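Letters A, B, C and D mark the chains as written, and numbering starts fresh at 1 in each.
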Amino acid sequence: MPHLPEHLLTGYRNFMSGRYPAESGRYRDLAREGQAPETMIVACCDSRSAPEAIFDAGPGELFVLRNVGNLVPPYAPDGEFHSTSAALEFAVQSLKVKNIVVMGHGRCGGIRAALDANSAPLSPGDFIGKWMSLIAPAAETVSSSTFMTATERQTALERISIRYSIANLRTFPCVSILEGKGRLSLHGAWFDISTGELWVMNKDTGDFERLEMA
Amino acid sequence: MPHLPEHLLTGYRNFMSGRYPAESGRYRDLAREGQAPETMIVACCDSRSAPEAIFDAGPGELFVLRNVGNLVPPYAPDGEFHSTSAALEFAVQSLKVKNIVVMGHGRCGGIRAALDANSAPLSPGDFIGKWMSLIAPAAETVSSSTFMTATERQTALERISIRYSIANLRTFPCVSILEGKGRLSLHGAWFDISTGELWVMNKDTGDFERLEMA
Amino acid sequence: MPHLPEHLLTGYRNFMSGRYPAESGRYRDLAREGQAPETMIVACCDSRSAPEAIFDAGPGELFVLRNVGNLVPPYAPDGEFHSTSAALEFAVQSLKVKNIVVMGHGRCGGIRAALDANSAPLSPGDFIGKWMSLIAPAAETVSSSTFMTATERQTALERISIRYSIANLRTFPCVSILEGKGRLSLHGAWFDISTGELWVMNKDTGDFERLEMA
Amino acid sequence: MPHLPEHLLTGYRNFMSGRYPAESGRYRDLAREGQAPETMIVACCDSRSAPEAIFDAGPGELFVLRNVGNLVPPYAPDGEFHSTSAALEFAVQSLKVKNIVVMGHGRCGGIRAALDANSAPLSPGDFIGKWMSLIAPAAETVSSSTFMTATERQTALERISIRYSIANLRTFPCVSILEGKGRLSLHGAWFDISTGELWVMNKDTGDFERLEMA
């Protein structure tokens, strides 16, 4: 008997009877020829913001890094284990993606934790606390903006963190060089779970603008 | 003009005209009530192994961490930034997921890099090299198994790395305690990109067995 | 009273009342004209992997050599008694078979013995130990792959031994010459006792691929 | 594309659509619990004398060694590679079979070669010549029995060789000890390809008697 949660077994059977037969040739080609995605997405682990769903993406289309809060730490070639930097290096240097999109989303639990820095750690290791401290200076400033509502502070920090991650992307030499040559472009996006709206970052101003569906 | 790659704009329009209207109530509920996924998936960034596709999962169903090679490093409460540990802590302590599935896949580029440890680093930071060195002892052993074909070595290390990550999950006190109490279960799975087959780890032996579709 | 085990007497009566009458003409022709099988199979003695069952083969179809582990030793014209080489010579030079298939199988006791080389010999002659030492170098390498499960090591060595036997077939001048002329082709196959699956060796890579039944 | 002769592909498909479904439970059990055949058969490679067909045997029933002429060489613990002795040791010591049947057959090409010892070797290695020389003293005597017809000489040597192999079985200490204890019994049989008749050796006289079908 296979040990998998029942909902995954059911889901996989749906996949094999539905989507897979329709895309089996594509999977087979991708297996033989390797992946060649044009775009890397840095997204959050949140169960409500799957990039493949939001961008209706098929196999081979998106190289997806997901961590809590869709954060990219700054470049730090210190010999430590950096899962985010490793994924970035692989996408840019090996797969030669043309786009990197940092996609945040509303009601992000990681951002909420960053805004509530005085709460007790989730466990003695306090890994979330440490991880979200990457945006601690911004989180502290936003937390003290008491004229904003809790929701406004949350949305503000979600967007700040996207700009922060994009700025950190540019601390990686390979990213900044390729961006300078016009061979790589960086994007920001924010997904509103409640309405399905996608807000896209204006590259000039850093503002987020709702995508018109025309 | 929004700055997003054209294929993402197209995909998002498909989402808004197709999947979203059918699931808008679910998104709205998930926004209001928060996520409560039963299952965390640790998967690879690879564009051909999206957990939501393979498990036909809708919004709110899967909390998904994705890094290169679907690796979980061992517990190390050292104050460093650990994106994987942070996601794990959040899933277990805050979301109280009931299952964690480590899902690897065939033809994994990260595993290939680990098997080819003598190749030049992708960039001066050598982040992939460092990240994949988590499984260096196994990679060295498998690399020296020259009686096996390149594909056999690759598959062997892909499965070893899943067992390794599951073993590391158990080094986290919160995981081992909850597993001991029967409130959290750990699973391994391996996806064959070429055929769509899912192989599930036998908990007793560590072997991977193909899921019967019957 | 004939001295035969009861189950063989029963089986033989079934043969004479069932299969034989249906194929008596074929047996008669084969007796008169001699055998002219197109294919030689090198298989294991294992009671669960009879080539005639797996290939639904009738009388006259398969010339079958069976030894423990389906091994072909390398060419050694040293004047010793070589049952395997004798069968090979007879099949190729006298019967002029067009194909030789080396067929291994899962859960092979001979392969298990090779992986467990430190166990006590079965008898003072240690014939199994000596026979399986033909693949000792590979067995030692695989045995030391402790990151693999016992089943993974077993399957790996089963497949290695098939490739080894095929390589040894080519050390026989008559085989390599005829193969070079396109008059003899060599194949590898691996039978999964548990599922009935047949995995066929890819001649280019040496990998084993499951036969699609489609 | 799998590289297997077409007739094997067809045969395997017949097996999977016919016999396997009817016996899948038995295969599965045999895989899980291991083989435990009661009987070892030493038979010839000849394509017309498959033991599983003649004894209507299912998976798990017969442990089958097949070489040219169904010969068992005498016990020789000399450290050389002895495939026949290895199979015998495995059957008796590890599987603990209760019966060993040496089954010869009519029109055996190996026996014909032994009777025709002055013919040119099949190849420079002369493996068949060397292998069949195991019964050279009997072959020379029979060859010189010019009052017998060629067919009579052939049948005579086929039966002599069965008795010879049974005698050699008893040179293996493990065989003679177990036979003495009544835990192993040895049998001889000869299959007439043309008529389907099975002749069984009388243990007391060594004569072969046709099995009555009652």
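Note that contacts are C-beta pairs under 8 Å (C-beta built on N, C-alpha and C of every residue); 3 or more make two chains touch, one makes a residue touch a chain.
Which chain is which protein? Per UniProt: A, B, C, D = Carbonic anhydrase.
Every value quoted in this text rests on a predicted model; they were computed, and no experiment measured them.
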Given chain A (Carbonic anhydrase) and chain D (Carbonic anhydrase), the chains that contact each of them: none
Reference chain C (Carbonic anhydrase); chain at largest CA-centroid distance: A
Rotation, 0 to 180 degrees and nearest 5, that superposes chain C (Carbonic anhydrase) on copy chain D (Carbonic anhydrase) via CA atoms: 180
Type of chain B (Carbonic anhydrase):chain C (Carbonic anhydrase) copy interface by residue overlap (half), same or different: same
Whole-Å gap separating chain A (Carbonic anhydrase) and chain B (Carbonic anhydrase), where each centre is the average of the chain's CA atoms: 15
Distance from the mean Cα position of chain C (Carbonic anhydrase) to that of chain B (Carbonic anhydrase), given in whole angstrom: 40
Intercentroid distance (Cα basis), chain D (Carbonic anhydrase) paired with chain B (Carbonic anhydrase), Å: 53
Contacts with two or more other chains, residues of chain C (Carbonic anhydrase) listed in rising order: none
Graph class of chain-chain contacts, one of line, ring, star, complete, other: line
Every chain pair in contact, whichever chains are involved: A-B, B-C, C-D
Residue ranges of chain D (Carbonic anhydrase) in contact with chain C (Carbonic anhydrase) within the complex: 2-5, 7-16, 18-20, 24, 27-28, 30-32, 34-35, 37-40, 45-48, 50, 52-57, 59-68, 71, 73, 75, 77, 79-91, 93-95, 98-99, 101, 106-107, 109-110, 113, 122-128, 130-132, 134, 172-174, 185, 187, 189, 192-196, 198, 200-203, 209, 211, 213
In the complex with chain B (Carbonic anhydrase), residue positions of chain C (Carbonic anhydrase) that touch it: 137-138, 141-142, 144-152, 156, 159-160, 163-164, 205-207
